[in-house]
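Every chain is named by a letter (A, B, C, D, E, F, G, H, I, J, K and L) in the order it is written, and numbering of its residues begins at 1.
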Amino acid sequence: MVGMLRVLIMNGPNLNLLGRRETDVYGSKTLEQIEAAIMQVADEMGVTVVFFQSNHEGAIIDKLHEALDDFDGIVINPGALTHYSYAVRDAIAAIAMPVVEVHMSNIHGRESFRERSVTAAACTGQISGFGAASYEHGIRAVVQSIKDAADVR
Amino acid sequence: MVGMLRVLIMNGPNLNLLGRRETDVYGSKTLEQIEAAIMQVADEMGVTVVFFQSNHEGAIIDKLHEALDDFDGIVINPGALTHYSYAVRDAIAAIAMPVVEVHMSNIHGRESFRERSVTAAACTGQISGFGAASYEHGIRAVVQSIKDAADVR
Amino acid sequence: MVGMLRVLIMNGPNLNLLGRRETDVYGSKTLEQIEAAIMQVADEMGVTVVFFQSNHEGAIIDKLHEALDDFDGIVINPGALTHYSYAVRDAIAAIAMPVVEVHMSNIHGRESFRERSVTAAACTGQISGFGAASYEHGIRAVVQSIKDAADVR
Amino acid sequence: MVGMLRVLIMNGPNLNLLGRRETDVYGSKTLEQIEAAIMQVADEMGVTVVFFQSNHEGAIIDKLHEALDDFDGIVINPGALTHYSYAVRDAIAAIAMPVVEVHMSNIHGRESFRERSVTAAACTGQISGFGAASYEHGIRAVVQSIKDAADVR
Amino acid sequence: MVGMLRVLIMNGPNLNLLGRRETDVYGSKTLEQIEAAIMQVADEMGVTVVFFQSNHEGAIIDKLHEALDDFDGIVINPGALTHYSYAVRDAIAAIAMPVVEVHMSNIHGRESFRERSVTAAACTGQISGFGAASYEHGIRAVVQSIKDAADVR
Amino acid sequence: MVGMLRVLIMNGPNLNLLGRRETDVYGSKTLEQIEAAIMQVADEMGVTVVFFQSNHEGAIIDKLHEALDDFDGIVINPGALTHYSYAVRDAIAAIAMPVVEVHMSNIHGRESFRERSVTAAACTGQISGFGAASYEHGIRAVVQSIKDAADVR
Amino acid sequence: MVGMLRVLIMNGPNLNLLGRRETDVYGSKTLEQIEAAIMQVADEMGVTVVFFQSNHEGAIIDKLHEALDDFDGIVINPGALTHYSYAVRDAIAAIAMPVVEVHMSNIHGRESFRERSVTAAACTGQISGFGAASYEHGIRAVVQSIKDAADVR
Amino acid sequence: MVGMLRVLIMNGPNLNLLGRRETDVYGSKTLEQIEAAIMQVADEMGVTVVFFQSNHEGAIIDKLHEALDDFDGIVINPGALTHYSYAVRDAIAAIAMPVVEVHMSNIHGRESFRERSVTAAACTGQISGFGAASYEHGIRAVVQSIKDAADVR
Amino acid sequence: MVGMLRVLIMNGPNLNLLGRRETDVYGSKTLEQIEAAIMQVADEMGVTVVFFQSNHEGAIIDKLHEALDDFDGIVINPGALTHYSYAVRDAIAAIAMPVVEVHMSNIHGRESFRERSVTAAACTGQISGFGAASYEHGIRAVVQSIKDAADVR
Amino acid sequence: MVGMLRVLIMNGPNLNLLGRRETDVYGSKTLEQIEAAIMQVADEMGVTVVFFQSNHEGAIIDKLHEALDDFDGIVINPGALTHYSYAVRDAIAAIAMPVVEVHMSNIHGRESFRERSVTAAACTGQISGFGAASYEHGIRAVVQSIKDAADVR
Amino acid sequence: MVGMLRVLIMNGPNLNLLGRRETDVYGSKTLEQIEAAIMQVADEMGVTVVFFQSNHEGAIIDKLHEALDDFDGIVINPGALTHYSYAVRDAIAAIAMPVVEVHMSNIHGRESFRERSVTAAACTGQISGFGAASYEHGIRAVVQSIKDAADVR
Amino acid sequence: MVGMLRVLIMNGPNLNLLGRRETDVYGSKTLEQIEAAIMQVADEMGVTVVFFQSNHEGAIIDKLHEALDDFDGIVINPGALTHYSYAVRDAIAAIAMPVVEVHMSNIHGRESFRERSVTAAACTGQISGFGAASYEHGIRAVVQSIKDAADVR
């Protein structure tokens, strides 16, 4: 593991609208502002980050597959796919690298269907409820997990 | 609200096959014929309509987002996505404009999985069971809803 | 089918209180005002309408039976009976004429018990969520259904 | 137990339409024809029968209460009330006389909601699936039950 | 709030049989005896009470609506309607006055279907398990609630 | 259909113990006594009856198959197989002759698992709750059903 | 039953915070103020009351056991233990004295998990929804129950 | 049916990774190797096969629609879409040609969510558990089904 | 593994009636005709097959045990035992040889109880929906599985 | 109760394979070895034991009936019948003698369907999880139960 | 394993009341009498036993932890904690020594909530239904388990 | 908010055994080592931390109440109480300060009962799956939440 760690920050359906709609639930920061803040944390940690957002389940799966060659770990907010996409779950399980699932809102305190994550079981861990900061905690967590995995090998 | 109202008519997976397959369930009118009939109703009402059909959940979400700038209201038949796509639901909730869900068949009188709509809760209302006429009732309903919302403002 | 179409507009339990109680949920129009608006739409369409409201399940079933001789179609808002009255469902199924179920509020966006309609499966279709306008859409839908049924014969 | 046995034959919602609607499910005999056939069986058995039909749950309960003074046993087809009327169940339980529940169709071979009877638990027994003959079997069963109960005393 | 408080004591299906049937479950006091005892408590409290009993769901709903003009609060034992009548629930919710649900038996210690009350959510509170005394506690509770509500205004 | 009707009376697991064990639930008549009573009814009706009892699901299925050639109808008390034997259900469905399911106790008034019959849906009808008399009602019902079926042909 | 009745007023987890936190749900009276009000009612009724509050399920069970020797009846608000503590339920069942369960809020009108009480089935009865007055109604109810039980003996 | 039969072999999400990831579950053969083996079987059978893989639900639906004109039958492994994509189910139902669902692993012997297939009901049949050989059995099965269907016509 | 492979073809309850009853569901081929066709396939493959059918769960289990010594693999259609016989499941698990479960009809497209197989989890794989051809695909699949297992050893 | 106690040791489906298959789950002792060990314990206790094993539900029920005359108590391991055979349950309930259900593995720590015993409710008690020693504990328990029952008489 | 085996006998909530309350369910022996009987069995077996009872879940967990150093095995009757205390389950799993769960009553023959044990899965085995003798069987079982475990090492 | 932030680190049942038992699931670090690591992070962040562990639900609730006066935020691993302690949930809701729930293992990837957290809904957010690092991420998250809350005020 020579060189900078490379982390992919993925966002699923509707997260491109962050900060522009339903600001009472998701806060007023746009996705661009959140990405800028993540970039700053990443710089401090000496980590290279790349951002990816799509409303297409298939595109997210394609990107997860590509990540096998290009990244050391992933922070993913699958949006509503969290609750039903067994295909995303299988993609995460298949690539077998550190993947941290994040949610801005506390998924345990909203509609009951949001309480269940079908994707989390295939991830290293899950962080939810801290607004935009969930991503920052997520990047720290994934870097830690990458390092732990490297130590084991 | 100056000028003609603009309404987007969206159709989800498999509705491009209307009138060509399973005509005993969905009737013998093709999607083109249905759209022509809708156009006529729209003309009478002085409403501009645009049609969109896709078998891709992601493309439907993208289009819902774009509709924010281009349309005053939406009539959507999400097809089978009705029953599991929380991502489409979140997209409808996010754009917060009048959206009417329509179904040609009576979803309460078929297989039990069709009875439940995960998208309807985010819509203004739902119309089901009137065959091709569901769209006509839908366009009247969305126009009414747009006007009511305008009155409130 | 000579002469004007005759449509029965039925309202179930508690709908006599419309506009006087819980106006935040059901709007401020009284049942009389709604009926007046329906009357106007009916006149434009050249349709005769008769109104019936009862808080008694049995009276609603009796009236549905009588409708066999007196009406060509029915618009019904069964109120809370929607959620448990298999007897009303059987009455609708028995008379086998076009029956449109309407709800003023969006039944998919309230308490979970309201999401399920046991009566809708026996109806031609269902319209919900458009406030008082649900009745207007309902009368158009039932007239269309009567005409379609007549064409088939 | 001197004199002829008196049996009340009760029919719940929509059974007044028998033989006139949905004849493929319930047969082509009208309620009057069925009652005539029952009368003949009753005569042969030396039993006095009285008939009662109502679409009103409350009227059925009132009649069950009155039966305490006027009848020795009851044959009841509660129609769709079978599936949800705990009030009818409690009325049957309260009067504590032989009550036989009958259904013309086989309630186990139709929609799943018809499979469950909330009233049967309070009855002596249940007979379903023999068309109009269910009533004839019912009257024999209730007379037998009345006699058995009398023997015990 | 000048003059004596007026409270309506409502009883649903089968409660007219109190003291005459199933005395092991509901005690040996008749409804008349219970009403006399309530009257005495009411007199001591300086409250006017009126009694109403019906086996008809519709009549109970009608009476609840009338109560809007004639009473300050209601004590209701809906009998078995407790477990399925969303129509009674909606009527209670609509009139928005203090309504106390009472049950003579402990509904938590009998058949499992009795454990659930669909009407209680629309009431101020619920009292169950104290036999005829449930009504006495109910009248005290509703009077207290009326006074509390008056204080707030 | 020349000559006497032939009816098979089948009893499933544990019914050979009738009258010897659990007499409080199933009564004190032995299976032999019940069979003698059935024989008498059959004689009066001019029907030939044959009795069969087995504790083996497979033997019951074998006998149902053989009945195709030897009998005109069947009265069956499947005992506890009622609640889980889809194999017996399929055997009844396969032979497609009048089959009446009988139970001595009221299956709706005991443990909840007894409330559900997986075999009844494949039968002509079901009779439960009349003790030994359930068989007598059953033989009348099956004979009636055989005659009705013959009339149709 | 010579001398004053002795009643234990028990409060479970978190009720020590009453009046200090979440006053919108539970009101602004502190537990001390509520106890003072109860004391006054008790004095009027000539009843000795003792108060006990604990956040420990085990301490509540210990106290229930001790109550066997020291008290004639109990008013208990088990707090959230209501919804899962079968151990508290068994303790109440074991001591077999009049125990009244009280809740300040209407447990039927909040989150669905609060609707179910596992402890109520072991109590004499339940009172919920009257704020601090629930305790007052509870003390009257338990005293009545103690006297009724004494009369029986 | 002149000329060679044309069969489309479709693979859903994540199956492009076969043989490269999770080889303990899915075996070590790559999709290319499996396709080569299928090709050989097809050649022996005189059948033309075309391969299609996508991680996009919408692309799979589009391809199913196109297959109407280009193929005589389909072998499909929908991957995780098997468990929730009612849209793929509807597409299969719409095209009404022989479609065989295959799975490499035994879906009955893994996580419980994999046990249920929402797509299989719309297919001709399902084959699961034979590793790469599931495809070979699938192609034989679909060819047999095509021939059977042709014989019927 | 010298000499010809020996495969046991087992059929459970009611499959002896194949081709004689319910031919619309199961086709018009008798079990003997199906066995003849299987024999031909087996001959082509150089495999010895033995047939066994029983309506007795116990006999099927006994035969499964005996198969340990006499056969290399098994094709089994457990009939309705598929849906509840954990005993057959355990027998299959115990003998730990290649066992392929087959069904003639598509078990995913019938009554909901048929959708679930309790035996399949213990088998190598499952094939359903191809009529009599399911057995032919089954014999190919089991032979393939036997050879794969032999290669591993 | 003169002479030696006689105890029947019954084993259900697949237990004849003990020690020969799946030894990791059930241990390496054969049924014969286990029976020999039981015999030794029985000798020490002065108890006569007889062994019976069958894979046939019906044979187990027959033997349970015969036990009425021949034995004082029973130790039974119903194998997988534990989880669905209401017929075995009824047989145990009918004979009303001390019956102890035993399992070698801990049924609470395996697949979820094994957690539920439909037969245990009809037994005196249940012992599970101690391997072959479960039978030894079972024989002690049944002898104790027989003696306790004798003391009561 | 030199010296006498040390076994801890733990009793959970309400078991201190044994023999004093609800003697019809739990028998008339007090906990002290049961402990004396256990002591005698232990003496015969040459085992040291220590008794511990608490109504506090936390105290039981603390004691389970301490047992790691002081005991070779545990017999535990968790009382009602059996049905919900995942914390006790985790404590038993953590200490990984032979632990036998015992119940005096047959938990399969009472209220349905008692049928499920969340703690048993973490134990070696479970014994229920033998009254006070359950403890005696438990101590034999745990000693056997300790010896078996020692033999393996 | 003058001075250092004070954060309470709470651990529920069985977490005192960390690093000593089940190290394959929870890792080999003891609670002391984890606390030392947390301390180091806290020092770097200029935060005062206090540690608290208890196996007693009541003690945890008491401590949560005390925290109102002494701390600015809380990191809590409720252990198995996570899955059933509504009392802990209510305590967290009552104190209304930033509370972060942490779990070392990924609760979505273990037994199904661990997937559901009844406490998380009352917390600010939840972090699970990162081993001992979950606490470090938790402390960062709670500090961030405290600062965000302070900014809002």
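Details
Here is the rule we use: a residue touches a chain if its C-beta (ideal position, glycine included) is under 8 Å from a C-beta of that chain, and two chains touch if they have at least 3 such contacts.
The shown structure was predicted, so the numbers you read here are calculated from the model rather than taken from an experiment.
Path length between chain F and chain J in the chain contact graph, taken as the least number of steps between touching chains: 1.
Under half of the residue numbers found at the chain C and chain E interface occur in both copies, marking it as a different-residue contact. Which listed pair repeats A-B comes down to matching contact pairs by residue number; over half match for F-J among F-J, B-C or J-K. Chain H and chain L have Cα centroids separated by 48 Å. The mean-CA centres of chain E and chain J are about 55 angstrom from one another, to the nearest whole unit. Chain F has its Cα centroid 63 Å from the Cα centroid of chain A.
Shown for chain J are the residues in touch with two or more other chains, namely 56-59, 84. The list of touching chain pairs reads A-B, A-H, A-L, B-C, B-H, C-D, C-E, D-E, D-F, E-G, F-I, F-J, G-K, G-L, H-I, I-J, J-K, K-L. On the side of chain C, the complex with chain B involves touching residues 106, 108-109, 115-117, 120-131, 133-134, 136-137, 140-141, 144-145, 148.
Those residues of chain I that touch chain J in the complex are listed here as 56-59, 61-62, 65, 84-87, 89-91, 93-96, 118.
Touching chain E in their complex are the following residues of chain C: 12-14, 16-17, 21-22, 54-59, 79-81, 83-84, 113.
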